[in-house]
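One structure is given below, represented as structure tokens, and several questions about it will come after.
Think of it as A, B, C and D in the order they're written, each chain with its own count starting at 1.
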């Protein structure tokens, strides 16, 4: 059973392959009577959609969400919110050449061996296209947590070796969406964009780091011992395609301190529970596997073959991953807010 | 609802506070007819127990597990395995001085505010004592996955700035338990031990990194899209006390490569699914908060007070955390093995 | 959180209100490589759909299912199967007169008080329209369990006081769909139809009993102690609209026997586990609440008002409930088959 | 995976075989700061325990519960409540004669075939002894729901053909525990007792019906579409050993009415949601399978053998099942109360 649900009470279940008819999902547990701004949800989808700028893939998808249930006269009904996003770009193309090749760095082979079958027309269920459904669910979660005072702001803090060194507290986070790479420092952003353009021209790809700042977190949320806030955030982030690491606070740097020193440095989480301070976490993304450069790979008969992708790939997924990181974090916080309602008599 | 269960089918639920009568758990879903070596389970507990060497806390707990159900004539029955470990060390002591103080770096305050009540005699449910129950469940999981050919070996790869630089493939992992710090390189181990002894003498603490090598993993396990193998491992690891970060493969270092380069480097997981290669992950532990040095903290009335711990603390938790990391990883793999049984008709 | 999922591994989640844009669902956990006969799924929907005969409501819905994912080249992919059924009949009507009235015997009032909001245009989420999504999920479950040799046959065994007295073993179950009331005895069926037509003419309604015969059940399925086969079947059946009782084997009649007598009578379930014999259960349906006759009820201000339904209601839901009973039973058995795969090493 | 948990948020997990070391459980999700009366919990266990009167089995178990965690200074901590009940009666007996015989009407054979192994010393996990753990969890649930104003009262309403015909509303329910059969009508109780004594003398057994009256139910609890209050109650009741049927309100009798008639009769549940009225449900129990009379059965080699039980069995389980029915109902209502806390913003 592949796991397609996330959350205990505020729960998103998604469906859909990249080259099937549509993707979509069901969001359960969103409390009734929440005013929903549908336009804002679409805006989050637009931040994720392909073709939004010169440094993303030119694949064309309008990514328009259609809500089918759970919303009435602008408010949530307390019933499951069903929604669908049609797949538009891939009809009528010939995919036979992909039937017998496993793309390097992709999940084609493992997926086929796990299930004994795969939709060879593309990444299928393993494609990051699925995350569009997460952005819809997360955008609703955001509206729910925002009215509890909680705010999430993610940004690109490094692209390969170009790093935004400033601490989040010294940054003007309102600048995140003022450039196409989604880095709040406009100068560093230009360097990142230049690098990505260069990489794109070379038919290669690069990875980087996304930082997420969470503020206004209600004291006490988080569910130890197994669903500590940091543990569930780590689960959420590592479930996003192409991620390789998650750190909270100063992460691995914290191992370089003495306890007497570290105890004086504020953290946002104590024992898995929010303590009222801001929570800052970072997620590492590998360079995407699809590149235009010729690469060696294997076909389904185990023979070595040379593969060249046709070019409509993201040279760097980070700008488009920012809303996905926020969406997954929002789903975590929304669930934790609901669970906390049942903690005390 | 605090979350005290881990796993979908192979599921461990734990209970117990550090200063209550006992801790323990229920392990569900372990398939019937598994031969269990009870001594091996106790050995894992012994690797975690306090007082095992000069560099761990001297708190005394025999940590003997008593099995109450689910095992018959040396084999699992397919029924839940109930077990108990009595708490021995803390009876008849006067804890009143702790009633009104929040220990720095601990979860005392958040726990009290989350639930409006706490067992002030110690860390209560937030104490790492709870992880003894995980080690029992994990030790059974280990025996289950080992007969499927899967092997887990965790070791201490750094203590503060003393780092084992060699790659896991070049190490003799049979040396892990040949020293008290559980580092497979005997020379580096001696440096780590010396550092911990120095830190202990100063009444301070240090953190570090544990690396875990997983081999013999059946092709195809892992449950995308939300329960990717890496995502659930991250969840498992970050649910352990004092952890701050999780990386798979080369983690954040992967962001420094081009895609064309990275595609040629083997990884153990593709799209969240095991691909037959070894999986290597790392977990960062902060220096433990309890130290003997005098520290400023707050009491329950919000006033600043000076606190000195009585001395029976771990200067470095990493040696004792090695079996905990293995236990949680074993629980993840056991669950994934079971889930995979239902994937194909 | 209203619960919209059913099943542990083979899991159906549904969405949709009766007067929203569409209803639908996501079916997770169906093993990969199952050949699916899509026409057969539509046939089950046709057995449930309104307007299929003179004794059902004349509300018009084509109830055509559109699959969006999880199926490729006629086989399941192992990924979630998303599907949608558009709502067609209720657009452009004026529902304002329903805004302030609670229909007698319906859930209008409790639903509004539970959530503080409701879709007043009809039953909303409490409408039996939602069960169309169950029939889709159940029709896939049926194809899965049938290839394991399991067969389900439900039929109407009583309508008010007209009762089919023969035991299931003496009946020709191939006759179930040979009449519009779905009773395998053609003579009794005619009596039932005559009664329903009379009741319809009077603007009233009647209830009755559906019997379900399950054969070819693999020995050993069922998950005690809480998910005994009978317990989960009871849950499944009582989750269907208008149901009031569930019995297995001889139900309440068994209380009239001595143990020495009862021990000699074969049953299909022992201790919650299938023992290889046929399982027979019965479900009681109340007469539907919506009738054309004038009835007293309350409006949202608590005042008594007289209400007359417009006439497009089912005088007896049982003929249309037969495929729903089968669908829910199929979901139970499919889940139990998967769970059993993980019982023994 | 045998299912050993019940509930979504207020969740009981049990463990234990009848002839193992102990039985017990973990109760999760009970809100913090609930005052617990431990004596009251023990009293509920005493109502269930063997040997309590001349009409129950004379097997000796003190059934004393020991709490291990989750309670501090008389209040719940919000952490899991671990508890254990030692098994006392079965040590040092020779069970070899049972190794190769399947007792008639019991789950010995199915259990052995499901798991390929069983604890042949008794019913093992299929024994009703497991329900003692449910009574502990249910007794805590009772204290939780009682302070929300909810009250549960179950009683024996029939033993074989001796039936208490009066409606619950006309009965003095304070009389339930004034006789050993737990029937509120003292005269009918005496007839039931006389019948059970006669049956006991003959080495046979009888079944009957338990009715449960639930009052003070908060408007709005219940979680459609799949976890309707009636559906989850049915699941709970049919998970109790020896049950064969469940009805709500008038059950199968409701099928004898016209809709116009039935709409005027108040019910306690509308569309799966509590509507403020009392809820009344009934559960059918078969005569217990263990009897002293000689019976034909099979051994593990499939040969027919004659079996005579040694006599320490219940001639009628209903008096002891009354607290079990209440316990399971209390668990359902406690869970529903918590879930309802998250319904509206």
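Here is the rule we go by: a contact is a pair of C-beta atoms (placed from the backbone, for glycine too) under 8 Å apart; a residue touches a chain by one contact, two chains touch by 3 or more.
Just so we're clear, the structure is a prediction, and the values are computed from it rather than from any experiment.
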Result of counting contacting C-beta pairs for A-C and B-C, higher pair: A-C
Most distant chain from subunit B, judged by the mean position of its C-alpha atoms: C
Computed distance of Cα centres, subunit C from subunit B, in Å: 47
Whole-Å gap separating subunit C and subunit D, where each centre is the average of the chain's CA atoms: 28
Chain centre separation in whole Å, for subunit C relative to subunit A (CA means): 38
Residue list for subunit A, restricted to those that touch at least two other chains: 1-2, 4-5, 9, 14, 29, 32-33, 78, 114-116, 125, 338, 342-344
In the complex, subunit B residues that touch subunit A: 1-6, 8, 14, 104-107, 109-111, 113-116, 125-126, 130, 158, 160-161, 199, 204-209, 219-228, 230-239, 241, 243-252, 254-260, 262-263, 270-275, 284-291, 293, 295, 339-340, 342-344
Residue ranges of subunit B touching subunit D (in the complex, touch as defined): 1-2, 4-5, 9-11, 13-17, 20-26, 28-29, 32-33, 66-70, 72, 75-82, 84, 114-119, 124-125, 338
In the complex with subunit C, residue positions of subunit B that touch it: 9, 29, 31-34, 78, 144, 147, 338, 341-345
